[in-house]
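Chain nomenclature is as follows: A, B, C and D, assigned in order of appearance, with residue numbering initiated at 1 for each chain independently.
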Amino acid sequence: MKENIVIIGGGIAGLEAACQLLDLGYKPIIIEKSDHLGGHVADWNCLFPDMTPAGDIVSALISKAADANIFLNTEISFVNKLQDSYNIMLSNGISIITRIMLVTTGFSVFDASKKEEYGYGVYDQVITNKDLEHWFNTGDDRRVNDSAMNAIGFVHCVGSRDEKARNSQCSKVCCITAVKQAIEMKQKFPEAMVYCFYMDLRMFGKKYEDFYISAQRDYGIRFIRGRVSEVSENIDGRVIVKAEDTLSGKPVKVTLDLLVLMAGMVCSQDSTKVANMIKLPLDSDGFLKSADNVADIIDSPKEGIFYAGACTGPKTVPETLAEARAAALKIHLYIMKK
Amino acid sequence: MIYQGKQKIWADYQKEIPDNHWFYVRSCIRQNFFPGAEKMFLEICRGLLKKDIFETEHHTTCGGIAYHCDTIPQETVMTIVARQFALMTEAGYENYVASCITSFGNYIEILETWKEFPELETRIREMLWKACKREFNKPKYVAHASDLIYKYRNEIAARAKFRLVNRFTGEPLKVVEHIGCHYAKMFPARGVGGAEYPYVLCGMIESWGGNVIDYPERRHCCGYGFRQYHVKANRGYSLSNTYKKFESMEPYHPDFILTNCPGCPYFMDRWQYVIAETEGKTYGENGYGIPVLTYEELASLVLGYNPWDIGLQLHQVAVEPLLDKIGIEYDPKEKYKGLNEKDLMRPELPGVLRCC
Amino acid sequence: MDFGFKLSPSSAINLDKVDTEKFAELHRAEPDVYKCMACGSCTSTCPANRFSGMSVRKVILGLQRGKEKEVIAMMKNCMLCGKCSMVCPRGINTRHLILSICRIYGEDMK
Amino acid sequence: MRERFLTGYNDFVLPFVCGMLFVLGYCLVGLVRIIMQLPAEDRKKFFISLITPKTLLKNIKDIFLKCLIHVDIWKRNKLLGYMHSSIAFGWFMLIVVGHIEVFLYTSDLGAKALYYPIFFRYFVAETESTMKGALIFFLMDFFLLVVLSGIALAIIKRVRSRLFGMRRTTNPSFLDLIGQYSLWSIFPLRLLAESFTADISGGSFLTKSLNYVFTEFLSNHANMLPAWWAYSCALGIFFVVLPFTRYMHIPTEILLIPFRNAGIKIVNARKGFAKAQVYSCPSCGLCIDACPMGVLKGNIKDTTVYLNRQIRRNNEARIEEISDKCLLCGKCTAICPVGVEGDKLRIAQRSVRKYNFGSDYSNISASEEILRCNKFVNNNNTSVSNPDKERVLYFAGCMTALTPVIRKATESILSKAGTDYEIMDRDGGICCGRPMLMAGRFDQARQLIEKNTEIIMGSGADTLLLSCPICYKIFREHYALPGIRVIHHTEYFDELIRTGRLDVRKGGTRYVFHDPCELGRGCGVYDEPRNVISSAGELVEAAKNRKESICCGGSLGSLTLSFDKRKAMTENALANLTADSPDEIVTACPLCMTTFSRYADRPVTDIAQVLDKCSGPGRN
């Protein structure tokens, strides 16, 4: 079939949708800005709640989607609206005419250095969830000092539920990610005290609560209900974290060897860029606006343009994959209808 | 500590500071605490930097302390401030410079409030007119006096007689910088370097040869906290705040503390005496305290002014060990002599804190 | 010298200084102590609560925050009736926990 | 009959004599020690009971029926009963008849009296056959056969315990095995030895016949001596190891029965009466099957028989573990053939635990609490406002606060019956003290008892009505409430129906009644709830009921059993209850109700709800 289907973004949503479309007999085009496929998931080590290796998920998707037309290191330069289709100009000089686009531009990790009081980029022992996954994968991060790891802290809701950080939304997956990473750190450093500073624990998904109970019971991870207010560095270079222990109603402070900031999900600049080019509206949470947030999350308000994954809001991996499949089916039906 | 990380943040918070023609307003309380400071500021600006600085005897308190102590309503403090602006307008200036951090914060807060609620500004204009038949233009720039010294820190460094270096060891002096809370905590963009890592004093210290200490409680209030100090029943909290800061900076063995606020140097200076007398604890070397200087006093010192001329004898914590370290010469006999050579009399010596 | 005011004790909890030995011992005796999610069911059902402010939730929390003295004062009126273990959604054996605390922690606590 | 040897002695008696003297000495010392360990008051009670004809007769009867005939075991399983009584009674009769024989045919016994009754046949030769002699020979052979049949059953039981109604049995210790094998070998060896000498000493159908067989193959009398040596050695070994094996129960039980009949209770966890109980445990293992925790294999070693074993070994860690885990349902006590009180023994172990601090209720003001339930007293004084009428104070209990349906139903019934009542713990009361008592913290329990006593006595009530059997037991046993009738709601409802104060319409629902541990085994209330249910619908019985009822698993008795470990017990108890497919499970304990509701596949209700549903005001 010669219908051009352009998938913008080669993360797991784009790859999964491409796989499904290939199975349906189409030959989708994936446009990926970076030099590799898999998006954020490719940077991750293990996925909650079953500790599935992220690499397995990504490599399976990549090998299944290999028959698609994939442009790496490619961005969209501009989009022209034609009569009933779009002319997409790519940065590599290729232009594509299509009437179907699937936006899978995903999210960006909140820039934790914007929360100046947490000292990301200033203190030696403050890292983000993404940095920690990178360390899990490569073991390469000078901020993580294996030899002296007596206390580790996790700060939930960094750049989420925070109007000062211009994101009042919940990023949905950080709670469970913190629980997962806390368990992994406790496994690596059984003698270390591991604290999670949380405001609410949102264990909404399948087996998340079990994971949380296990973190408490089997790993002795201490959950402190209170948002970290400020971080400082003491004379020996360790970080001092201050928060209110809201359950005691008392200020609490603790000295840590590593502080992990659970940076949240915000709408990626690529999403907004694409939205500007195709004139797609943004929702009040800053993510792309679907035709309907309950009944029709995959349809954009524009004909022939569809969404899948975290470009419309924070999503888990299974949610993203399910949306990608649904989007592929939706595209197929859209083509058949014409 | 990743210094480049801080630099990145500093770069985000730079503010425009006009280089001449300032309307200067003094602080209510500084002249009693450390009278040399404001005098030296004017002397450095006018005499050394040859800048046009105007001040008028008609200006009053900004109302900040009363406002923060909840004794006057916001409209009142706004009208007082409007009058100050009117004085500036009448004098033909549009760059407003405050000596006091509380005032600086107060001005910024009021200007920002008027920006959000223009009807409030209109009302204040009416009230000012009713009260004293004055009109005003809003200042084009509002700066704190330390912003100016920061701006000209390198010029001062160029003319400095002394560097902030320990002449016995050759090491840079370890300096704690303490910024007044109302400088940037309310409006981070209005302070040099922002609220988290204000650069205004760091810049002076670095430029004059010292090393800045970053200690855990650096963000903490000096302890004055109007409502804490002014109500005697709460005064213990004021003291406890200061105590917490000193406990936190103690392991770094700072040579002195640099401040840019009227209350901070005073409380950090005097509370060291109270802590010593009640807890028996001193923080400097050999039973001395840690000297607390204002940026004007420090600028004057590096420029080579006589310590006694700039009023350092009014400090509770003895500054002599610091002067010795920097290598500034002084005559101990002159310490308690007034400008007119009259003897100022000796203060009673404290029991615990070593003062001379 | 009396100035008419003095340092106020800090109310902050310094986790670095909290002794974890005893709590570790308690955990060995009753591993479920880690499972508390601070829902407060135990507090609201406790018949001793109106007398001494007893709350198993606060007991578990207090011991992790170095507040042994407050905890022991609270536990003074515990009647061991077991209502808390009946209502605990995490199935913590609160009675054994309480008895274990009585064995491990002592009156001489700070 | 004449003696064959002038000395009347042979070296082979030595193993037996030594063993015998050792065991007698051991028992004597033990006896004195246990009696000395009793509190002075109990000791006095014990000695008085020994010279009181009534208790003396009861002692003899109990010892005969329990120690020799094992009537309790007969009631449980005939085969098991026969096995026990054949060995015990058979051996006893062998000893009795043996002694009669010796005293009849010998004079001038002296030191020989020690071993003659045991090895008589070796030392005598038959001179004439008399009727009397033949009878004795016959009796001896007969009882030997009885014992041997018992031994044979015992051996079978080791491999096939199910034949004897036992699913599981104890795991014997090493010394137990030595004791057991030596015991088992005593009687075959005796048969062998007596058979070798039967042609000289005489014998009856067993020994004489065997002797003929032997002479066929081994005519030489030289084989005689090794057999007698072996017999003596078996006896000697058995007696020497006896104090360190379960067979210590044989002498100890003879002491335990008079203790119990004297009304002595456990005071010290390890000494006196408790010690007598521990040593009386025959390790039969009946408590293993009885224990509700037994559904989980891991708990088998936490049953009373193992507690006794660990107490004998002074294994403190295990004693603590076993005694803390128990649900205190009391079933092991109810079925124990020798009367070891597993629950009380455990509470005693808990009571010696060391705590750094405990509760103190002195800050609780009883007078303030009285103000919450002072309906029956006049303002500002303690005089009762309505002295002639029934004044019921209803103490719902802590657990009932979590099952408000019970309180609501009870209140509804009380209103229908026109009872003048007041609720003692409407907004939460003071715990009855039973949970504290079960945790072994007697001093705290006593303080709670004192507080509640003050409140109840100040309330002006004449009846204390309880919904919770846990409370009921302690109110009956440990509270002194003069002039106040303490009654459980099952009993009170039964009374309301009997006296016509409540009119009940019988429905067609099939109800099974679960006997709560504390109500049934704890307080002996079995019939009243059944009467109430029978008047409301059809009563069906559980597979195991009344004193064999299975604990719901929710008991407050256990200190260490965690929530997840109790599920299997509850499900097992439910399976027992639903054996006859009832429509509804009825209980009379808020804790049982909550526990069963969690896993039951059909409605679980309190008896108050059942009655409330189908009753109206009575005609009286």
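Assume contacts are C-beta pairs under 8 Å (C-beta built on N, C-alpha and C of every residue); 3 or more make two chains touch, one makes a residue touch a chain.
Keep in mind that what you see is a predicted model, and the values were worked out from it rather than measured.
When the interfaces A-B and B-C are ranked by C-beta pairs in contact, the top one is A-B.
Averaging Cα coordinates per chain places subunit A and subunit B 46 Å apart. Inter-chain centre distance (subunit B to subunit C, centres taken as mean C-alpha positions): 46 Å.
Look at where the CA atoms of subunit B average out and do the same for subunit D: the two points lie 86 Å apart. Subunit C and subunit D have CA centres that are 39 Å apart. Multi-chain contact residues, meaning those touching two or more other chains, do not occur anywhere in subunit D. Looking at subunit B, no residue sits in touch with two or more other chains. Multi-chain contact residues of subunit C (touching two or more other chains) are listed as 32. Taken together, the chains touch in the following pairs: A-B, A-C, B-C, C-D. Every residue of subunit A that touches subunit C in the complex is listed here, in rising order: 193, 195, 201, 213, 216-217, 220, 222-223, 225, 245, 247-248, 250-255.
On the side of subunit C, the complex with subunit D involves touching residues 32, 45, 47, 50-52, 72, 75-83, 85-88, 91-93, 95-96, 99, 102-107.
Residues 324, 353-361, 363-364, 398-399, 401-402, 428-431, 433, 435-436, 439, 441, 444, 448, 556, 559-564, 591, 594 of subunit D are the ones touching subunit C in the complex. Within the complex formed with subunit C, the residues of subunit B that make contact are 232-233, 235-237, 239-240, 243-244, 274-275, 277-279, 351. By the touch rule above, subunit A contacts subunit B in their complex via residues 113, 116-117, 119, 121-124, 230, 232-235, 237, 240.
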